[in-house]
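Structures are listed in the sections that come next.
Heads up, the next two complexes both have chain A, just with different partners, chain B and then chain C.
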Partner chain A sequence: MSRSSDQITTAQAAVIIINYMLGAGILTLPRTAVTASNSPDVWISVLLSSLLILLAGFVIVKLCRRFPGQTWFQFVPQITGKAIAFLISLITIGYLLTISAFELRVMAEVTGMFLLEGTPMWAIVMTFMWVGLYLTTGGIGSIARLFEIILPITLVIFIITFSLSSGLFEINNLRPVLGSGVIPVLLGMRSTTLAFAGFEIMLIIMAFMSSPQKGMKAVTWGTIVPTFVYLVALVMTIGGLSLGGVKVATWPSLDLIRSFEIQGLIFERFESLLLVIWIMQIFSTFTITHYAASLGWSQLFDKNIRPFLFMMLPVIFLIAVIPKNISELFMLGQIVGNVSVYLFGTLPFFLLIISKIRRKGETSN
Partner chain B sequence: MLSMVLQHIPSWIILVQALLLLIIPLLLLKLTRWLRKALNGRHSARSDMRSAAETEKKSGKDSTHTAFKLTGQYASEVTLIREHTSRNTDVKIREFTIKGTQTRVAVLTIDGLCDNDIIDTHLITPLMLRGVPESEADGFAQSSHSINSYLKTRLLPVTDIAETQTLGDLVQSVLFGTTGLLVEGMEGAFLLFSAGGKSRSLEEPLSEALLRGPRVGFTERLADNTGLLRLHGKNESLSLTRHQVGTRVKKDLVIAYMKDIADDGLVQEVTQRIQRMDIDDPLESGYVEQLIEDNILSPFQQVHNTERPDRVIGALLEGRVAILLDGTPFALIVPVTFSMLLQSPEDYYERWISGSFVRLLRMLAAMLALLAPALYVSFISFHPGLIPTRLALSIIETRQGVPFPALLEVLIMEIAIEILREAGIRLPKPIGPAMGIVGGLIIGDAAVNAGIVSPFLVIVVAVTAISSFTIPSYSAGISLRFLRFIGMFCAAFLGLFGVVMFFLFLCSHIVKLRSFGVPYASPLVPYRFSDWKDLFMRFPLQVMKERPQMIKTKDSDRKK
Partner chain C sequence: MNQSARILGMVFICSMLLTTTGCWSNDEIEELNLYVGLGMDVAQESKFEKQVNEQGGHYPKKKNMTVTVQITPPSSGQKKNQNSSSPQGGKSYLNERLTGDSVVQILRQFALRRERPLIGHHLKVIVLSTELAKKYNLEQLLDYIMRDNDIRPSCLILISHGSAVEALNSSEPGEIPALYLTGLFDNRQLSNKILPAMSLAKLDGMMQSGSSFLLQNVITAEGEHKFSGAGIFKGTSKKWIGSLSQTDLEGLSWITGKVRTGALKTYKPRTGDTITYEPKVTKSKITPIVRGDQISFHVEVASRGALIEDWSSPQHTATESYQDELEGYFEDTVREQIRQVLYKMQETYHVDVAGFGEQLRIKHPRLWKKVEKNWDEAFSKANVTYDVKINITNYGSSMR
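Coming up: the complex of A and B.
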């Protein structure tokens, strides 16, 4: 029975990817994208990035299909040999831990600024991490089920809050389309692609899928929904705040929601709602990376995952407190994003080729 | 470069925090493990002790009279029985002679459990007044066997007839309410009529009142209850398997299921858990519930209880298993899912539109009952800026005279209302509502006038209390009432963030919880859209053609 409970359905796999992708990006993407491209055409960048991600996801699914039931940490040694694989696994774990810590810190910063002024950071962070730990000890099945509860709530509230902001929307803020050529769009892709970091979780959760042949379906849905969310966030924020306004705001989406009031409803301001769903999204990104990193350790040493789940808590906390201020924090985010592109954008491709050449794993189809 | 690295080395206070971060959950884990182990350990230790005691008892048993064979030595046997039952003044022995013979008989009854009228007309009348005709008297007294068969075939017009060979059995059965018949010259003894005893008539269930639906509830007698299930409709697949529970006081327990719907694994699991139970006397089905549930530390019930036969049948048709215990009108249903606790049979009896509406309303009410006071505390004491300005102003105005922080204010009112509610249940029926009015209206009004609480809070608390009454299952209502207080404390410490964490923690707990192998959160998650027809909305019956998938029924088609 414990074995079957660790299986996840295709829908659950997609939901995990979506919840992982949607994290700090909802609040920061408009600023990073606009700063990188300096043009309102970043929504095209998002579309192009999602295509790129689909491609990378396709490669990952192909790779995983050759090693059914095995995670990234288990099948890489068969392709590259033990030593290199150990290194790759360590980097992966480090990457996952850093993402986890990054999201944690962003959450603490935003909560400290908008919800709990004056509350010490450790109080916020510890509660958050303990609840996360409680969930992760339940295994991937529990994580997937919780994500399935969170996601619909997120989407509904997200759509409500952003559609309420339509009063501020100025189509002229988005014009002219492609006014300065294609170059800004490509520049924008540098930051929009980072917002899609999260598809790499397929390397790990494919092993738990009850029907791995539908892996590509999960990746496709897992990319379409965040693309939609990011598109809405970008278009509404730029349309509402204008290019210049987005650039100077630290959390542009939040500023957008804060900048209007609607009379006659129970709430006049909706940032609390947006913050609530956003905390939930950060929670999901945090838990899945925490779980994946611990799973990495446990599979590396062939031990039970539980002690690692506990031990990773202080590690994540210590990484999270390293950045001294918000700009250092965003720098960290940038670095992690870049690592993700190399680690999961290109490496799986080479590994796939090598495994084909060395005839490792099952030849699917 | 080095200086930059040095700059980022965390201070010792951060390191201490990191350590705490690790140690506190470890301690909590140890604590829960210890708790669980202590509970389970006691259980197994007790069963060891019990088996030891049992073997001892068995070895001692043989030496006493309990295994004494009844051979037809009438006089000595009657004396022995008198000796045995000397401490039970309610045992009655009536001796007489069968008409037309010299055979003496003794009728053993017990007060209150045997129906004297029936014994008089069906046992004593034929033996004492009709007896054996003279022509057959010789054949009758020939041997033990002839007496036995003559009595059974000619003189005892009784359906329920059994025999026993030992004295111990006879005495025990008589004490449990069966009527014993000891006959001179016959080996063994007859046991007649099953145990009776008074039972109340079928009444409308008190705890689950419905406007529309059958007005019948279970009673305290197991036979009545199983009869009610049979009475529901002609159905060959309804299986009722009987078990005996209780180490000292033996009680009958029936596991009911549909043999061609319920999953065999589930039935087996339930049976096993029932047999593993170790308790001297399960007074009520609540005992059984607590001994077979999956997680003792969870605030949620993992076994559903109901007084309504229609609810039990509905659950059986979905592939669930019901447990009925003698002596209580509450039947148990397993496995249970969270959504079930918010459903009422009326949802199905009313038309689907109104049924769905009421169900959605109930879910909203459950959310309110759980979170309203917590949200009040977090908005008032942490984020007054997030409520509309005019509303915030009016709330603050009313709170001006209140000398307490929001948490204390809410606690005073919430605890007061919980006390009122508890008192209302205990009071006799005519006084209960009056107390509610006195408590709710007058105390609330006086508290506002005295400036202890704000009128806005009274609204919040009243809405919360009324919302919690909409939850159809009383046990689930208690869970939510309890969790509401935890939510308030979370809000008092961490504001809205605390409420979100509380919600996430609760959800994490629910998704981790299982009831007899079925995830507690199903069918909400994992997504099973075919089961969603009966979740938020109650779709038309024509659409609900399949049984819930989550219970892995043998036969998913409702039409068969």
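Coming up: the complex of A and C.
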């Protein structure tokens, strides 16, 4: 039951953004970034991308502030009129469902490959989806509280596993800095910007924030933490595996953690720890997109969210099984990332201008 | 909700617990064959295989290579179909060999011979014989290993001077050769004649970058092993083209600065007394110098350490002048070692395995783009100068 009294704090909003951004990308970002730029300078690309995202987040916050207490699905009709708004909402919902399905499928692929080789995909996916459903029926408040538990665990384990890999780290793999100029950095941004897909959730969760005037703060923290995580992942993976090694690894970050064994600690191998936090991150991305998509339907038709939550489950599953193989899957990821950039990087900006011209919503004095 | 429905519900929930007791596809570890070592040789069919083939037990394949897997611990009750090349007296491992042309097919072929499935999660070392590495591209040989999801990229690679199966044998009871070989790499803190361990992860990056590289060589005699020298692999063909001796490796370690310690021995010119220097801290710096099209390098080696052995008699006291004299002898020796290994790299094999190219890539990235494709040849023509500075800072615990 979606409780209208469901409110989240600023910190919770930031945590939701972080958990949404961190997803499948942690394992694949080094490869996609290096392939796009063909240089070790991609860590600069991440920094630049995060600035872009901050800018896009700023626009979104500005836009949402004009319509306090309303989500994207509720305020867009006031700006553009019903027909166009309906189309925009449908695209948004489709996008959210696709992300949800993408994360689900990547989770199933990696789990099937490295953790549960004999377990059929439906068994992995089914339990995952049902637990997700259980969470989303609790509403945004429950989701936020669970995310608050997940995030610190993620960060601690992430930092431990990656710092243990420092034995493999070779600074020469990251040199020379800007050896072939800035072009590779810009090329790398094509891939690193996609990794930040997720800031758009602010369009929906800002309506639930108890103090929406702090929206920008949530976006800022929501971008800084993933930036840090991506920086560490990129620098350590390229430093440890070298440019050539990263290019040919399907899951480079995971390969980095698999490339060393440490004797004397309780564990010798750390990839399962990394996979655990990674699956938790996928779970959070999966649930928040599932929830947001269902919320979209419920607000479009002004109905209770609960039946939509159930109805969306099979839809997500069906989308998840569409890609025939892993390269099609990665292609799907690329497409949703691109859509995210075009849809939520530019559209809110135009909507903001239109709403200013047409004097819709409140002016934030 | 009434009482009985409640109890029924509880029973139902508790019975759900029963379904969560086990894994979906678990295998008991006692019922698995872990292989810790993998050897690859040129094809040499075992007696068992020949007899099987005579009885019609062959499948279509080219006889390209023989793969040896080292299984540990050897499962009991397999005395009958024993065909490993060594008798099994008190051994804690079992070497199994099969011939074929696809690594994975050979490994799967073991499923027809062993009741316990082979799993690769604990593969520690892969030994390639020089003979095989001469014939086949390393990238092809290791393709399956790199793709497989069980085998970890932390697994190490060696090449063997003789056959790989010999390197995976041991005359010492209770010893597991695969673990023994990986253990030898830890001795890098005792000798600079051992290369840094090459894991699959590192090797993959190396092969992708297209530069030539070295793999540690192991020699076997009388069932015992010794690390000695390294095999040179050409970056373009990824095949074995020659080898460096252990003295060459020592010289190489001065150039790369990867000397943890070691024992630099030389003789005093007139008397012929043995003197030995133990490096403690060694730094080296390769500086590429570019003038027009001409690429040259300057290597600066600086080492601090101890005079650890001195056979001179009568014993000299530790005076400044005596110390300078010895430092000079040691520097000459290092220079000679560097000269030798440079000669081998530039004149004999035409490869760069000392990281000169990497320094050029870092310092002159644009130039590197141009020469990258043909770097080994360009390096062979480059002029390399070197400067060695040895500094004896202590004399151990004896001041005689």
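We take it that the second predicted complex is superposed on the first by the 360 of 365 C-alpha atoms of A that agree within 3 Å, B and C clash if a C-alpha of one lies under 4 Å from a C-alpha of the other, contacts with A are read in each partner's own complex, and residues count from 1 in each chain.
Convention: contacts are C-beta pairs under 8 Å (C-beta built on N, C-alpha and C of every residue); 3 or more make two chains touch, one makes a residue touch a chain.
Just so you know, these numbers come straight off a predicted model, no measurement behind them.
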TODO: Give one of first, second, both or neither to describe whether A:K62 is in contact with chain B, with chain C, with both, or with none.
DONE: neither
- [ ] Identify the partner contact of A:T119: answer first if only chain B is touched, second if only chain C is, both if each is, neither if none is.
- [x] both
Task: More chain A residues in contact - chain B or chain C - done: B
Open item on the list: Tell me the contact category for A:K214 with respect to chain B and chain C: first, second, both or neither.
Closed with: neither
Open item on the list: Just to be sure I read the superposition right, which of the two partners does A:G240 touch: chain B = first, chain C = second, or both, or neither?
Closed with: second
Task: First (chain B), second (chain C), both or neither touched by A:K356 - done: neither
Open item on the list: Let me test your reading of the model: by the given contact rule, A:G138 touches which partner, first (chain B), second (chain C), both or neither?
Closed with: first
TODO: Kindly classify A:E148 by the partners it touches after superposition: chain B alone (first), chain C alone (second), both, or neither?
DONE: first
TODO: Look at A:L275 in the shared chain and tell me whether it touches chain B only, chain C only, both, or neither; answer first, second, both or neither.
DONE: first
Task: On chain A, the residue positions that both chain B and chain C contact, one per complex - done: 116, 119, 123, 261, 269
Task: Residues of chain A that touch chain C when the two form their complex - done: 113-114, 116-119, 123, 168, 172-173, 175-176, 179-180, 240-249, 255-256, 258-261, 269
Open item on the list: So in the complex, the part of chain A that touches chain B is made up of which residues?
Closed with: 1, 8-9, 11-12, 111, 115-116, 119, 122-124, 126-131, 133-135, 138, 142, 144-146, 148-150, 261, 266-269, 271-272, 275-276, 279-280, 283, 310-311, 313-314, 317-318, 321-322, 324
Task: Contact set on chain C toward chain A in their complex - done: 23-25, 146, 149, 152-154, 199-202, 204-210, 358, 361-363, 365-366, 369
Open item on the list: For the complex, give me every residue of chain B touching chain A.
Closed with: 7-8, 10, 14-15, 17-22, 24-26, 29, 382-383, 386-389, 493-498, 500-501, 504-505, 507-509, 511-512, 517, 519, 521, 524-527
